[in-house]
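First chain written, first letter: the chains are A, B, C, D and E, and each begins at residue 1.
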Amino acid sequence: MILLLALLILVPAAAAMLRRNLVHSALLLVLSWAGLAAFYLWSGAEFVAFAQVLVYVGAVSMVVLFAVLLTRQNPDRAAPPDAAARLRAGAAVLTAAAVGAVIGHAILATPLPAAAGAPPVLTVRQLGLELMGRHAGSLLVIGALLTVALLGAVVLAAAEPGEKPGGKP
Amino acid sequence: MPPAPIFATLDPDRAFLERAPLLVRDFVTGLFPPSLQWLAGNLLAVVVIVLFFASLFALLTLAERKILGRIQNRPGPNRTGPAGLLQPLADAVKTLVKEDIVPRAADQVLHFLAPVVLVSLALMAFAVLPYGRHLVPVELDAAVLYFFAAGAATELAVFMAGWASRNKYSLLAAMRALAQLISYELPLLLSVVPVVMLAGTLSTTGIVAAQAGWTYGVIPHWHVLTPWGAAGFLLFFVSALAESNRSPFDLPEAESELIAGHLTEYSGFKYALFFMAEYFGMTALCGMGVTLFLGGWQAPCAFLEFIPSYAWFFAKLLLLLGVFMWIRGTLPRLRIDQLTRFAWKFLVPLALINLGTAAFWQLSAGWSGPALQLARWLVALALVAGPFTLLGRRLSAGVAPRTYRYAA
Amino acid sequence: MLGSGIIKGLAVTAKNLAGSFHDPARYVTQEFPEVQPQLPENSRNFPFLVADDGADPMGTLRCVACQICEKECPPQCIYIEKSKDKKPDAAGKLQLYPAVFAIDTSVCMSCQICVEVCPFDAIKMDQVFAIATTDRFNGLLLNREQLAKSNQYYHSIHPTEATEVDARLAAERKAAEEKARAAAAAKAAAPKPAAPPPPQPPA
Amino acid sequence: MLASGSAAAPFSSASVRPVHDEFHGDLLEVSMGPHHPSTHGVFRMMVTLDGETIVRLKPVFGYLHRNHEKLGENTTYLGSMPYTDRLDYLCSMTNNWAYALAVEKLAGLVPPERAEYIRIILAELTRLINHSGLIGFLMQDTGCSGTPLMYAFREREKVLDLFEALSGSRMMCNYQRFGGCRVDLTPAWVDSARRLVDAFPRFLDEFEALLTGNEIFMARTQGVGRLSPELAVNAGLTGPVLRATGVGHDLRKVDAYGLYPRFDFRVPIGAHGDTYDRYMIRVLEMRESVQILQQALRDLPAGPIMDPKAKLRGLRPKAGEAYGRIEGAKGEIGFFLISDGSPNPYRYRIRPPSFINLTVLEDLCLGHTVADAVIILGSIDIVLGEVDR
Amino acid sequence: METAEQIRDRLLARFPGAEITVVTNPGLSAQHSLLLGSPHARAIAQFLRDDPTLRLDQCSNVTGVDWPEKEIIDTVKVTVPDPAGGPPKVIEQKNKRLTPAYLEVVYHLYSIALRHGPVVIRTRTGNRSDQVDVPSLTPVWRSCEFQEREVFDLFGVSFSGHPDLRRILMWDGFKDYPMRKDYVDPDDYEWEPTPHDEVLARAKVHYPATPAAPEPKA
């Protein structure tokens, strides 16, 4: 079951990288987020799963799609893969392999405890108390961070210098 | 508890009608071997939901055209079948038979996927609504969050529809639809927060249980009968109207401007799917509205308990849907900028202030005695009415009926 | 208060919704095939030729082929060919009759100018509106036989107008007869003078 | 674009429209019509959009052009009377009256008093159905799904039944003749007319309750499509569109044709010249028409309905020309006739109000969104039969 | 409201060089008009609009009229000296002459401010073929914009100074001017059931194969 979920997350992400059409890759990215939410559900954390769907699939995907639409450069300018590009691609694969190896080693090395009893049953009320109690501060910081990021994106998109005058959102 | 209701013998839990659906379910699941019974039970729930709400959708389209007709002093469809009852069947056959034209330039995959995603998400939202005392398809702890997660994903499908048909009108309309959906997502959620806060749980059955009981056997403890509840219900209702693209906010399919908005390039059964998804969305939102504010399947008075709980839920649901159609027959449409300004400058602030009122209501729960109760009500009412009139006046600043003079 | 206008509007539609069930003024649809419309007496559709006696329409057509209506018809959709011979009309005078009298109902806009200008009350407006044919050209070209209808039919659709017309025609006929009798008497009284003056056709 | 020498008058079309001709990269050229559901007939608008706001709007029409004036020159004076019904096919009675008035001026015929009363009654009834029909269509454009339109048409049916009982046809009445009317009013007709007129204010109150105070309607129409009185007068606008800008010009008071001076009624004028004013002016005008109708039906004199001098056929007015105009529901509808003594007019010209009211369509729509352009077009009240002739 | 003659005299005083003549209207309505020469037409129109006593601020109607040349035979009595020295005889002499052909544009002006009118002004073109130019009055009254385009479309009068002179009713590819008296409508003939006289003749040309006229069914 876990393998199926892993595939559901990784395959759309990989496909997103390969697709030429920007909108397709954005939608595939959203699909992999949905896969992530499925993984949370499988592991019993309903609250996090629904939050993931609500926040990512609902709102962030919209921001991504809007960004893709508004700053769409004309697709035919993508340069054909000449020698330099191939070199860069090779280097990228190498670094990816190195990073993968390090993570793999770290996972295998740490001694995972056997399944220690049932996972703690957590009700939404306790989660709420926890969030609003000890972690209230971090919650507010994250909120502020997100809004700033969004406003930054809008300002960037609006003030985009470029040959097309008036790229208004 | 006031003196035992005269129908003491009919304890609501053991009334025959009340248990009827459960008996049916146990009988059906009994047919299967024990290992499959869990699967059979849930599958049965899914089948019942899909069948019931699909037929409700069919009747709703007929009811809408009948009510609109009656408002306009005309009979509405009455040619197909007695009083037009076979009209939905005729519509279904028509959409099935109609040629499904897909524009050549369209993105085939997305073009097909959009209606499918939309309908499936709309159907998923029905899973958590408590239709009766024991009739909850899925008992979830974070049910309300699940409901709005399903609702939020529909924007994605609308975008896919608009983008995939490769036509500048539908793209323009998809953008407008997204702007509308996103800007009304916020007041929708904010109007639900006070209910969750006071009910203390996210699970729908918990919320309905919190609205149980009657004072003096007649006045139910529904949230809508509290000042913050009434304001919350109004906000929820208006945002639900906008969320399901209904009357004053049906901008995306504004036929007087961009023909059929992002649905221009769809025909045949796919168009019917969009239509069905809109109705499912509307019914689901009405169901949630009933659950949160109108006491779900609670009977309005103690002595009316003998009527089964699911009857009350569907009566209230149909009542709300009737109001949706009534509004569609009356109000003109808002322009896109007025629509978003109305959401951000009026609904969101009111929803936030409503949070405050609900908090006050929660804290002042302890005030007993008629004088304090009255004070508690008055303060809450002031907290609701005050901002409403102030913001209302600011919103409709330049707009007022005028008086006219006559030429010499 | 912000929503008051909208609430008043909703009240109006609610009144209409409720009203449509009991108040006939708020339920105005007449379901056509089952409920035939009662046309007011003056209602007009395509013209028809009046024949005094329903049994022999071609014989007793009032039309004398004077072609005034053909000239006056704005879209020029009437087509008349005079007959070679003459036949006596109701008042006994020898009159021409139309050999061909065709109205092209695909061009006619039923403006009833032909009825207005016809001095002999030979053409009147009918009230039949559901006439459909499959053939666009000859199907809508109604000739003499299809156009002729009896005076009784005329009485049935335009009662007051028909009685007026009949009264006037009867009066004219009586005047014509007196003049003929007076002329005959004058001729009898003085058989020798010049030939009797021919009776003028009623103006 | 303008001939350089002459000083551009403040309202010449070039100076009013800030038309910048160099083509922006992201301007969207949208063609609305001629098969668009809200253009009141075969009418097209070439709209150039910059985002949501309109930068340029070129009306294109002529799809319903039947060369009505050439037809008029080839038929007799009486022959083109039924064709005037097809000009503004919602107000056939006022078209007939305007044509009859022009020919009476040319031929010197004077209709008797009863005929004048009948003409005023029919003209005011036509004004009622035209204004209520228009408001129904305007609401359809703002988005109410047909409810006000159905209420308006419910009342319109009653008036059309009256016209059918009188002239024989609901919309193509062909009723007026030069020097009077064709059919006299029967007492039964007058009673049903009186009942209808007395019941009309109740319908108007219901209509106003549904619309005038409605916040959404007010938000959608107030301040949309503002028109200045100077531009309105200069662009030759007439009718409710002109009066909405505050210019109190109503031919029933200015020319005082027919027996209008005998009736006391008021002419409502607006103050802002926007779409809401154009709507309210029409509602108030309907109330005034009801006043006129009640007075006319009360003291309708007996007597002949046709000028004895008038001959039905073979009207050959002396050589000369005449321009007669009346206050139709849409504005000043005029007929300019040049006769050379023959039974056919030498030149037969119609002055169509909605055609000329369209001159300012672009000035009204600039800077608004597509949704507003639809409402502004609806508030100008055009009928393509009259625009294209 | 001044009569046409008074207005003409004031205009002549104001614009000495302009040719303004009064065209009397023989009809009963007695709406006489002023014929303006082309060079001064726009200046006069501007004056008519801005003059405080007239203030003709609404140009209600713009009409095109086509006057093709007409053959007039006017008999004139001429005294011819008798070649044989006898007393001079008076004989009628019929000489044909062609009236000048031109296209004419008639403007009906009204004053909304002072509630009077109509003042009718006319402008004429040189002839009906090449000199068809007339000054446009759209810069003075914007109501003339669409109506002048219609006169251009249906009569072929080209208005100099019109901001946007295009065909308004006919489609742009249309060549001829339909409202002229000598306009021959194109022969895209569609068979009509009751053809008679020239319609019948043309039907025969088009549809020799089908029966020329419909035999009435006996």
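Everything that follows uses one rule, which is that a contact is a pair of C-beta atoms (placed from the backbone, for glycine too) under 8 Å apart; a residue touches a chain by one contact, two chains touch by 3 or more.
The shown structure was predicted, so the numbers you read here are calculated from the model rather than taken from an experiment.
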item: Length of the shortest touching-chain route, chain B through to chain C; value: 1
item: Greatest separation from chain A - chain, by CA centre; value: C
item: Central chain (distance from its CA mean to the mean of all protein CA atoms); value: D
item: Mean-CA-position distance for chain D and chain B (Å); value: 45
item: Inter-chain centre distance, chain A versus chain E - centres from mean C-alpha coordinates, in Å; value: 77
item: Distance from chain B to chain A - Cα centre to Cα centre, in angstrom; value: 31
item: Centre-to-centre distance between chain C and chain A (centres being mean Cα positions), rounded to whole Å; value: 83
item: Set of chain D residues in contact with two or more other chains; value: 147, 151, 154, 210, 212-218
item: Residues of chain B engaged with two or more neighbouring chains; value: 71-74, 329-331, 396, 401
item: Multi-partner residues of chain E (at least 2 other chains); value: none
item: Chain E residues touching chain D - in the complex, by the definition given at the top; value: 25-29, 31, 42, 46, 57-61, 63, 65-66, 106, 108, 112, 115, 118, 120, 138-147, 154, 160-161, 163-164, 167-171, 178-179, 183
item: Residue numbers on chain C that touch chain D, as the complex places them; value: 2-6, 8-9, 11-13, 15-16, 28, 39-44, 68, 72-74, 109-113, 116-117, 125
item: Residue ranges of chain B in contact with chain A within the complex; value: 107, 110, 140-142, 145-146, 148-150, 152-153, 155-156, 159-160, 163, 178, 182, 185, 200-203
item: Residues of chain C defined as touching chain B within the complex; value: 1-3, 5-6, 9-10, 12-14, 16-17, 19-21, 26-29, 31
item: Residue ranges of chain B touching chain D (in the complex, touch as defined); value: 68, 71-74, 168-169, 172, 247-248, 250, 254-259, 328-338, 396, 398-402, 404-408
